[in-house]
Amino acid sequence: MNFLARHRIVLPIVSLAVLLAATFWMQPRAMSYFGVNLLFNLAVPIALATIAQMLIIMVNDIDLSTGAFVSLAACVTATLLNDAPLFGALVLAGLVLAYAVLGAVIHALALPAIVVTLGMSFVWGGLALVLLPSPGGASPGWIRTLMTVKPPLVPMAVVAAILIAAVTHLLVIRSGIGTMLRGVGGNARAVARSGGSVMRLKALAYGLAGLFNVLAGMALVGLTTSADANIALRYTLLSIAGVILGGGEFTGGKVSPTGAVIGALTLTLAASFLSFLRLSPDWQIGAQGAILILVLTARLLFTRRSGPA
Amino acid sequence: MTTSAADKAAPLVALTDARMQFGAVRALDGVSLEIRAGECLGLVGHNGAGKSTLVNVVNAGLTPTGGSVSFPASGAPSARGAGVRSVFQELSLCPNLTVAENLKIAHEGLKGLRWRGAARAEIRESLDRVFPGHGIDADAEVDTLSIAQRQMVEIAIGFAPRGQAAQLVILDEPTSSLDGGIAQQLLTHVRRFCEAGGAVIFISHMLGEIFEVASRVIVMKDGKVVADRPAGEFTRKGLVDAMGHVAPEGTGAAAAERRIGVEVVRTPEGLTAREGEIVGLSGLAGHGQAEALARLYLDTASAWRRPGAARMVFVAGDRGRDGVLPLWSILRNVSVSILPEIARRGLLDRTREAAVAKDWKRRIGIRTDDVANPILSLSGGNQQKVLFARALASAAPVVVMDDPMRGVDVGTKQDVYAMIRAEAAKGRTFLWYSTETEEVRQCDRVFVFRDGAISAELTGADITEERILEASFEMQDAG
Amino acid sequence: MSALIARPWIWSWLAAALAFALTVSLTGGRGAGELAYAALSFGAFAAIVGMGQMLVITLGPGNVDLSIPATMTLAGTLALKAMGSDPGTAAMGLAIALAVGLGVGLANFALIYLLRLPPIIATLAASLIYQSLAIWSNRGLRIKPPEGLADFSTGRTLAVPNVAWVGLAIAVVVWVVLERSTWGRWLMATGQNMRAARLAGVPVQRVRFATYLAVAVLAGLTGYLLASFSGGAALNMGQEYLLMSIAVVVIGGSSIAGGYSNVPGVWGAALFMFLVVSMLNSYGAPAGLRLVLTGTIIIGIVIAASTRRVRT
Amino acid sequence: EAHMTDTSDARIALSNNYAGNSWRQAMLQSWEDVTGPAVEEGIVAAADAYTTSENQATEQAAQIQNMILQGYDAIVVNAASPTALNGAVKEACDAGIVVVSFDGIVTEPCAWRIAVDFHEMGRQEVEYLASRLPEGGNLLEIRGLAGVFVDDEISAGIHAGIEEFPQFEIAGSVHGDWAQDVAQKAVAGILPSLPEIVGVVTQGGDGYGAAEAIRAAGRDMPIIVLGNRQDEMLWWQQQRDESGYETISLSIAPGVSTLAFWVAQQILAGEEVPKDLTVPFLTVTQDTLDETLANTPEGSVANVEYSLEDAQAVIAEAQGEM
């Protein structure tokens, strides 16, 4: 085992650092408290959604409803939670519970998660439309304050990213229950044979994912000040890409929370970097694809050379 | 049943008339059985006799369709409560977790902030006790370990205290991927464990091991217990007779004279093989034999070229990872390597395919009523036979075998040996990696591996356990 | 009958039939022919891309082609631009669309194989580039198809839409390949366990390559047909086929874990996806409710199909 | 004009959330056609266009934040959501940047808005139908993308029109997502269950798809209100020549992006510009069909581009109303 294979986290960090250096070089103005916050504040909800996706990928499933669900959570936050905080909080708790139930049902009936979540994406999207047929609502003041707070020295976005990474690292990698959850991804049968309830563990993983998705929706509303039913649809693919960029794998319970957060930051930064390049409008969309390929290629070239033992 | 006067204490586990039915298959057909503290029960039987099913019924992995399982000594309602541990035939570790974390999966009691340290200490201690000098890092991720090391970890987890000392440890073919030395360590530990008052159910197709550890031997046949006696009352031949192996038809006249032809294989590390030759790869497990074979095979069979007539076929030993196509029937699993041969203009001749599969079911004795059954309905050893059939059914002149006899029963082994000899007589070449000296003795020439390189080449009468061990250990002696 | 119920594809057909009956019952049977005709026309597009997606999904976990919409757009755009509404250019347009498909498939697989990118990310990223290419090549201008081609794609033969005939023909070919050919076996073996398949002598990379080419070529063909059918290519014309192509595969009863695919189910699901929206529209369901019901029904079908499978 | 500040150093950015249809492409083209010469003449230093890869407010918010970092003096924005960009827009305003929104406007008070009265557009569709079909009848409504502001506004206008002219009834309503193929599919699906339809009210970009679906179903062609796409108008012209088909076509001109550009330039120059400006939508009638069609490139959208003088006139008019 060489260094890179053992420390999968190194490559995501290096790619983020390189991209950040390039960005600062192109746009020195970004190298400031204010600039860093602007670069990264919208990455906070993406990071939360990426963590949620990672929790699902960790148990060998994949969630195609992330975007629709975060949109719904945002709609609830901007309407119910703002107008009637207690009721709104209850609804959000209900959404988390619904996710947990979904996890249990997927396991109990041995359903393919990708299909169920695909179906649920319609359901969540529909509910969001019922709640907010037209864009609107308003962010509860405290969330807005929280998302625009200006801590000394380090901007909010960076503090939040570090906090999310630290908490989820403790939860998923260090804690006993996190180990059980990763075990489900590695070999669910082994977990069941040693007496663990895979159903309960899957419900927990999904419930936690629901929780992080709800947090993502709330954070998003805090930044945008309002919501609409389509507001976070792109989070589905972004979150999957973030998990992979961060060194996670689709199967086998191999994930890295720190990597996932870094992956989310990298994706956000990549888009900004392209803005600063000032490409012709025809190629702006394509360039986003190109940079995604580039960042991943760097990662895979290294892992390929080091290879599994 | 066989309650001798010595057994005073209540049994740890008692099965009464346990039955297990899978569709039409009676995997357990009224088994009654008791096991007491201090006993080491050897459990033998042909592939598909129902041994693994028995294990799964005892540890509540399966609910029997009839009869009952109880734990009189502890009075506990479940196997877990009664301190019953199982080490399964297929590996049951989480490959993405470290060795210590895998212990945590099996040990609910590990809680709190410091669980990691406790887990590390416990698994280290258990590994040291069972396999002294094992060299396994408690913080290594399991998927970086060799298959033998994984098996060792799993056994160590089985014997670890985990909050409540193990009363009965069930080992389902624990030595199938271990080399002789390590297997010996395990046997020693099992004897010690039983002397100290623990009980073990030891399942193996290696009769030598059974005689070495078992105090009592149970023979199963077609879901029934056909013999249950103290080990001392069995002879090797008696045991084989009790298992009642029925030789598949048409393998009798295999002792034909063989002619060794021109060299057909030569690898950079110096491995060579000639037409009609059976070449063995030996040495301690995990010293590069499997890799050498995989490399040889992967270099020959392109992942791109359409295999016209395959030059080489592969028999996997690690069934789950390298061999079985789990969604498919037995039939499709057998035919996958010969598709180009039974196709006309890319379309399959399904009558021919069925005929080939049926023929091989008969020739190699796959225990199933219909080759259209899913492959996963077969017992481990029978799945392995399917992989053999897959390779032998093709016309490829070179057969590469990566420890292919894992979990294959004694009788079948003899048949397969004969089959291999017969095929070699027709001019096929075999490259055969094995951890069993008995299997290595079937070879014409043996390469002993050490640290990924060939350390000795033995032929004919030189192929002995001593010479192989000598070549395997030279380095350690020098160093 | 019980053997029929055990088939996972039957559920998508039952659901489609039910949606059809419910819609038609609204008008007391009037318009049934019209509805069936429309379902066949529009179902054909979803079925063709769905079959491509099915082949890729059969390759095993993580395999999926997210570049289908962009490929459709690019193929449609380039083909229609090249034909420029001139009569007699249909064959050339088709060739261009198929060539675009081939090129896209090659590029996708190059990313997956040479750069070792996970297919989901590779095809997603590449699709952004294809979209840029489509924009750059004619800035989203809608150019009409040549008249003969437009007539063919919107026309009918023996009361069945021509595009549905195309879809049926492709389904038959895909079915034969999957169920009766060496190549289909190889594909399914690769999808179950690539390593085991490779060691059993399956040329796994060749299979993967051919599969990624096939899905892209089918997407290119669909783009060509759809653009001709709807009077010109538009930059957003493939958009809804991203989720649609995946949905028809899984509703159709193929195993999302790979190694097992189901051709009749794809057609059933394609018809269903059209009919369920028509049904809900006909009943006047607002957009929100329509989505909720669509999602619920999809999950219902999957539960029905999979619990039956477990029992038998 | 002595009080005017020189804008030759000013840099203006266009923030666009979507480029995936002909309307947006025409919008970007107009921007290039008008701002290119303006930059060359030194009226402004730069006028860069940016498009996000997905049609999403969050991505556009990030884009606007990047523009703040890039130090633009003004941002012209066609917004994905009227409210979800408010956070980013506020940050831009706080950084001293002029923000002008058009077409997809934002509600943040610090920004300027060049709005189209979508509500009125919807109402006028029904009004036109009432003038043609005094006895009324069943209508089919084709809506846009659910959950988007413009869709809601036009639809509300159409429903207001129905209240005004109660002889009409909406017999069915589908979402066509402003795309021909989606509209065609949705209409084909609902038609079989509908009674006779006398008119189709649309939101632009979907009329041709509706016509195709209705033709395929073999029904009589109702009056379809079109949305200024060249292919729709061509179809209209053919129908007119064959059978005297009459209808109307209305939509917002993509060139409104150039109006927004000039407004931003005027604000930077120190002009007092009211926060809310209105532009008329572009209506094509039977009389102006041939002329409009002749001026519209194949496959594009009927368009009007604005000059500095046009912009000044619009501003002056609004100032007059203040």
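Each chain gets a letter, A, B, C and D, in the order it is written, and its residues are counted from 1.
By definition in this document, a contact is a pair of C-beta atoms (placed from the backbone, for glycine too) under 8 Å apart; a residue touches a chain by one contact, two chains touch by 3 or more.
Note that this is a predicted model, so its numbers are computed, not measured.
*Asks:* Farthest from subunit A in C-alpha centre terms, which chain would that be?
*Replies:* In terms of C-alpha centroids, the chain at the greatest distance from subunit A is B.
*Asks:* Report which of A-C and B-C is connected by more C-beta pairs in contact.
*Replies:* A-C
*Asks:* Just curious, how far off is subunit C from subunit A if you go by their C-alpha centres, in Å?
*Replies:* So the centroids are 29 Å from each other.
*Asks:* So what's the Cα centroid distance for subunit B and subunit C, whole Å?
*Replies:* Their C-alpha centroids are separated by 45 Å.
*Asks:* Calculate how many whole Å lie between the centre of subunit A and the centre of subunit D, each centre taken as the average of the chain's C-alpha atoms.
*Replies:* Roughly 34 Å, centre to centre.
*Asks:* Would you kindly tell me how far, in whole Å, the mean C-alpha position of subunit D lies from that of subunit C?
*Replies:* 32
*Asks:* Which residues belonging to subunit D are in contact with no fewer than two other chains?
*Replies:* Within subunit D, residues 19, 53, 146-147 contact more than one other chain.
*Asks:* Do you know which subunit A residues sit against two or more other chains?
*Replies:* 128-129, 133, 229, 284-285, 288-289 - these are the residues of subunit A that touch more than one other chain.
*Asks:* Mind pulling the subunit C residues that touch 2 or more other chains?
*Replies:* Residues 128, 131, 135, 139, 255, 287-288, 291 of subunit C each touch two or more of the other chains.
*Asks:* Among the chains present, which pairs are found to touch?
*Replies:* A-B, A-C, A-D, B-C, C-D
*Asks:* For the complex, which residues does subunit B have touching subunit C?
*Replies:* Residue list for subunit B touching subunit C: 294, 297-298, 301-307, 310, 313-314, 316, 321-328, 332, 335-337, 339-340, 343, 346-348, 350, 390, 394.
*Asks:* Spell out the residues on subunit B that touch subunit A in their complex, using ranges where they run on.
*Replies:* Going by the criterion above, the answer is residues 59, 61, 80, 86, 88, 92-97, 101-102, 104-106, 108, 110-111, 115-116, 143-144.
*Asks:* Within their complex, state which residues of subunit A touch subunit B.
*Replies:* My answer: residues 1, 174, 176, 179-180, 182-183, 185-187, 189-191, 193-196, 252-254, 308-309.
*Asks:* Can you list the residues on subunit A that touch subunit C in the complex?
*Replies:* The contact residues of subunit A facing subunit C are 64, 109-112, 114-116, 118-131, 133, 229, 237, 240-241, 244, 250-251, 282-290, 292-293, 296-297, 300-301, 303-304.
*Asks:* Along subunit C, where are the residues that touch subunit B in the complex?
*Replies:* 176, 180-183, 185-186, 188-189, 192-193, 195-206, 209, 255, 259-260
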